[in-house]
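These notes concern the structure reproduced below.
Naming follows writing order (A, B and C), and every chain is counted from residue 1.
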Amino acid sequence: MIALACVVGVPLYYIVVNTLKTQEEMARSPLGLPSQLFLDNYRQIFETVPLGRSFVNTLLVTVASILVMLFIGSTAAYAMAMRASRFNRFFGALLLLGFIVPGQSTLIPLYRMLVDVELVDTLRGLVIIYTGGAIFCYFLIQGYISRLPFEIIEAARIDGAGPFQIYWLIVLPLIRPILATVGVFQTMWIWNDFITPSVFLSSPEKSTLVLQVYRSVGEFSTDWPGFMTMSVLVLVPMVVFFVLTQRHIVDGLLAGSVKS
Amino acid sequence: MTAGVIAPAGTSPEVPAGATPPPRRGWGRARETTANQLFLVPVALVFVVLLVVPLTQTFYWSFTDFTGYSAEVKFVGLSNYGKVLTDPSMLAGLGFTLAFTIGTAVLITMVAIPLAVVLNKKFFARNFVRSVFFFPAIPSIAILGLVWGYILSPLGSGVLNSLLDSLFSAGPYPFLSDATLARVSVIVVAVWGGAGWHAVLYLAYLQSIPADYYEVATIDGASARQQFFHITLPLLTPAIVISNFLLMTGGLKVYDLPFTLTKGGPGYATYTITQSIITSGVAQGRYGLASALAVLFTIAVGLVAVAQLWVSRRIERRVL
Amino acid sequence: MRKRRTLAALAALTLTLLPAACGGTPGSGGDDNKLTFFSWDGEETMKPVIAKFEEQNPGLKVEFSNAPPVAEYISTLQSRILAGTAADVFVIAAENKTNLINGKHVVDLRDKPFLKNVPEFNQATYSGPDGAVYGMSVASWGAGILYNKDLLAKAGATTVPQTWDEFLALCHKLKSAGVTPYLESVQAMSTPLAAFLGARNAADGGTMDTKIFDGSAKFKDYWVEPLTQWSRLWTEGLVTRGVVGLTGDQVRTEFATGKAAMMVAGPWDVPGVREAAPKLKIEMAPIPRIDGGTPYLAGAASPGYAINTKAKNPEAAEKFLTYLNAPEAMALYQKATGAITVTTDFEPKLDPALTPIVKDVRAGNVYLPQIAWKRAEDILNVEATAQLQLLVQGKATPEQVANALDTKLASTS
């Protein structure tokens, strides 16, 4: 498994190792280890690019969007699972439209909509656009909820718990693995997304990290080590986030809780 | 539901079935239904505001000469649709788009499920390995294009070609410049990029399988292989449906990966439908035409998706 | 339980922080002290240029934003124009000029004093059918062949070839000396082919594409001979057919590491080669001609600055354009980009390797088919690229390639 991981990881190794090289060394031996520790690529970026500012912007947008999305997605999945009426099933199928429509075709109407409500070029507006990802969350979560043991919910109901209490106290803890997974997927998407902020944000001080990276790279740029260095810097928080979150994904919670 | 298929005899009756709980009788029922439906309001809002309204706009534009620059448009009836349906270049991307969609869906599913099962076990450096498999999905497509272009370079100096040369003194092979090899290469890179992501999805769903199923099966003397085919796989069906639905809809819309690796070449070997929407519609300021294409495309993908869901629901019902 | 409470607190916190980080809404209208500018050059390039302008015009503030070229820039500008939020000054490029001009989104700059030092060729690139000029293009680019002088010397060549036959002979010579003679990426319009066509067009007084697009001539009439000559690189076994899978970056790496003696290159390749191989002796030259005439270049005028017809601050916009092509700003811009600037009152400081092409580029003796074409440029360009790849692979003949273009053009009318 580790050997296979190494093969799969070669391209990632290539990216990281070349951020530690000069352009000359990258051309000469792109796969070799750097002959000396060359940190100028990093130094240059920290000196010229306002990373702190855009990091805070990205963090705010990502956290807010994820929380909103997970809330909307999980409530929808919960409602559908609790009451599989004909209307609900039809509505659930309709929601799938969210995956089918090519993204390019809604971009312009959405932009005009945000202009009308004066939310274009604001981080709030960006969060609203990302809220559309809730449909993806719903889709992944509903498959998971349908596998839950309903005895627990029934028991709570007999004890007199209302729908919201059941959702908040029973269902949410049970679906933690899928919430974590969806959270990771969506965080990755928003954190790395370039096209949405590029269209919806114009002020440099509101830039997200990825936007900053692309905007700092000029036309016809051939400075690949520089570009890769910026990308690595953007990715570092993601790596940390994934490593921290993945234990929630595989927290075999259900296996234990069913018996108790 | 035929429990015997899933687990050996002796399974507890608490097998999750996705069934609706029996309706509650009495005074609270109507109120509870209302409360329940309230949970759907947020998603309905998102659906209408972020999807239905913009789509209606696009639908309207598909009947106009909209350029994408000025909101003053002229109604042109069905002529955009006529143009789309009679233009042979719109079909150029169809073949590869279908091959890509089916190829990636099948291969990623075949790789991701065993991968998830292995990653679910405890072993040395598990966190590290998980991260490595997951991370191909992350860096920007521009950088991945650069890296893979270099690995698959048709010259003797390309990574793969120099490796093949030193191991078997074979090559150099034109990975991205021969029509068939280019198609295969693009699909392989897509599998590399997507397998880990989908494995994490399966990993999450694996958590919903109660551990006692495996305990019972082990006691009954089922081999690991039998457990995989008789417990894991059937109980992963919802995940398989979801994963493949994402792969199908994503695959039919694919654009940037083939474009970065091959620009659609050689010839039209790796040209996709979305690329043709972009070059012949959006880029030329013929937004009305592009809208018509998008509408037709949405309908086509929708039909494929519905068919796929219908088939998999049937399979699901048979398996469970 | 505790975890969920932290989560709720976190949610509340972010949602309250967000508005604070957003500040006021933009587009709040006529502010005499503010000029908005949307560029496709990066922040690093434009920052010093803008800083100088603000220094010279106290009280005037430039609000800068940008998107990287080409697709992202075009689509971002488009959605902003449609919604009425586009900047006062933005960039007009070959890819969006038709839409911008036809939709009357850009101001006619004809006879403005700041166009005086912009050459005719650059003005013509961004002019409308009525002779109006819609963009101030201050630079051009030309692509030719970059030679590795050391490898050439090893094969006994001291001067660069002047005709295509000489060029192919040199390739043969290098190949028999065990050197990869030449590489070009065939993932877009071919540079030598464009130069062949440009030379032909110039010889015909610049009427080639007018005739093709008004129907009095066909691609077939002009393209077959240049295609045949260009494809000799492969029919004579000089270059691997694998080049259709190579990117420009890969070609440059091969060249910089001394694995190829010649490559197709533009001015932007030179800094990259210098960085990767500081000691290499290199020289750029135009493409040798197939008819034996003076070598010619592929190339075009760079995108220009344009003023939004709905600019909130049109006076400041004109002031800004006046500043941008004055020698002082030109010097800052040229230093950051290394571009071959064309304004008549400023002499760009360029890499000596570019010397052989600078005069022609500044005079506008360059040609690029997809810019000279009159309509359906993108569709034709995609078709041309695909057909060139088939030609390189030996799966299409020059006649078939030219016919395919004629068919494509006919289908788009």
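Keep in mind that, in the parts below, contacts are C-beta pairs under 8 Å (C-beta built on N, C-alpha and C of every residue); 3 or more make two chains touch, one makes a residue touch a chain.
Since this is a predicted model, take the numbers as computed values, not measurements.
**Q** Thinking of each chain as a vertex joined to the chains it touches, would you call that graph a line, ring, star, complete, or other?
**A** The chain contacts form a complete graph, every chain touching every other.
**Q** Give the chain pair that accounts for the most C-beta pairs in contact.
**A** Highest contact count belongs to chains A-B.
**Q** Taking each chain's centre as its mean C-alpha position, how far apart are subunit A and subunit C in Å?
**A** The mean C-alpha positions of subunit A and subunit C differ by 35 Å.
**Q** I'd like the Å distance between the centres of subunit A and subunit B, where a centre is the mean of that chain's Cα atoms.
**A** 16
**Q** At least two partner chains per residue is the criterion; list those residues in subunit C.
**A** Subunit C, residues with two or more chain partners: 75, 78, 82, 249, 253, 257.
**Q** List, in ascending order, every residue of subunit B touching at least 2 other chains.
**A** As it turns out, subunit B has residues touching two or more other chains at 68, 146, 150, 278, 282.
**Q** Which residues belonging to subunit A are in contact with no fewer than two other chains?
**A** Within subunit A, the residues that touch at least two other chains are 108, 194, 224.
**Q** Residues of subunit B touching subunit A in their complex?
**A** 14, 16, 18-21, 24, 32-33, 35-40, 42-44, 46-47, 49-51, 53-55, 57-58, 68, 118, 120, 123-125, 127-140, 142-144, 146-148, 150-151, 159, 192, 196-197, 200-201, 203-212, 235, 238-239, 241-242, 245-246, 249-250, 253, 274, 277-278, 282, 287, 290-291, 294, 297-298, 301-302, 305-306, 309
**Q** Touching subunit C in the complex: which residues of subunit B?
**A** 67-71, 87-89, 145-146, 149-150, 152-155, 157, 172, 174-178, 182, 262-268, 271, 278-280, 282-285
**Q** Spell out the part of subunit C that touches subunit A in their complex, as residue ranges.
**A** Residues in contact with subunit A: 4, 7, 10-11, 14-15, 17-19, 21-23, 25-27, 38, 40-45, 63-69, 72, 75-76, 78-80, 82-85, 87, 249, 252-253, 256-257, 266, 268-269, 271-272, 275-278, 337.
**Q** State the interface residues of subunit A toward subunit C in the complex, per the touch definition above.
**A** So the residues of subunit A in touch with subunit C come to 22-24, 26-28, 48, 56-57, 60, 63-64, 67, 107-108, 111-112, 115, 118-124, 127, 168, 172, 194-195, 198-199, 202-204, 206, 214-220, 222-224.
**Q** Per the contact definition, I'd like the list of subunit C residues that touch subunit B in the complex.
**A** Its residues touching subunit B are 71, 74-75, 78, 81-82, 95-96, 98-100, 102-103, 105, 187-188, 240-247, 249-250, 253-254, 257, 259, 376-379, 382-383, 385-387, 389-390, 393, 395, 408, 411.
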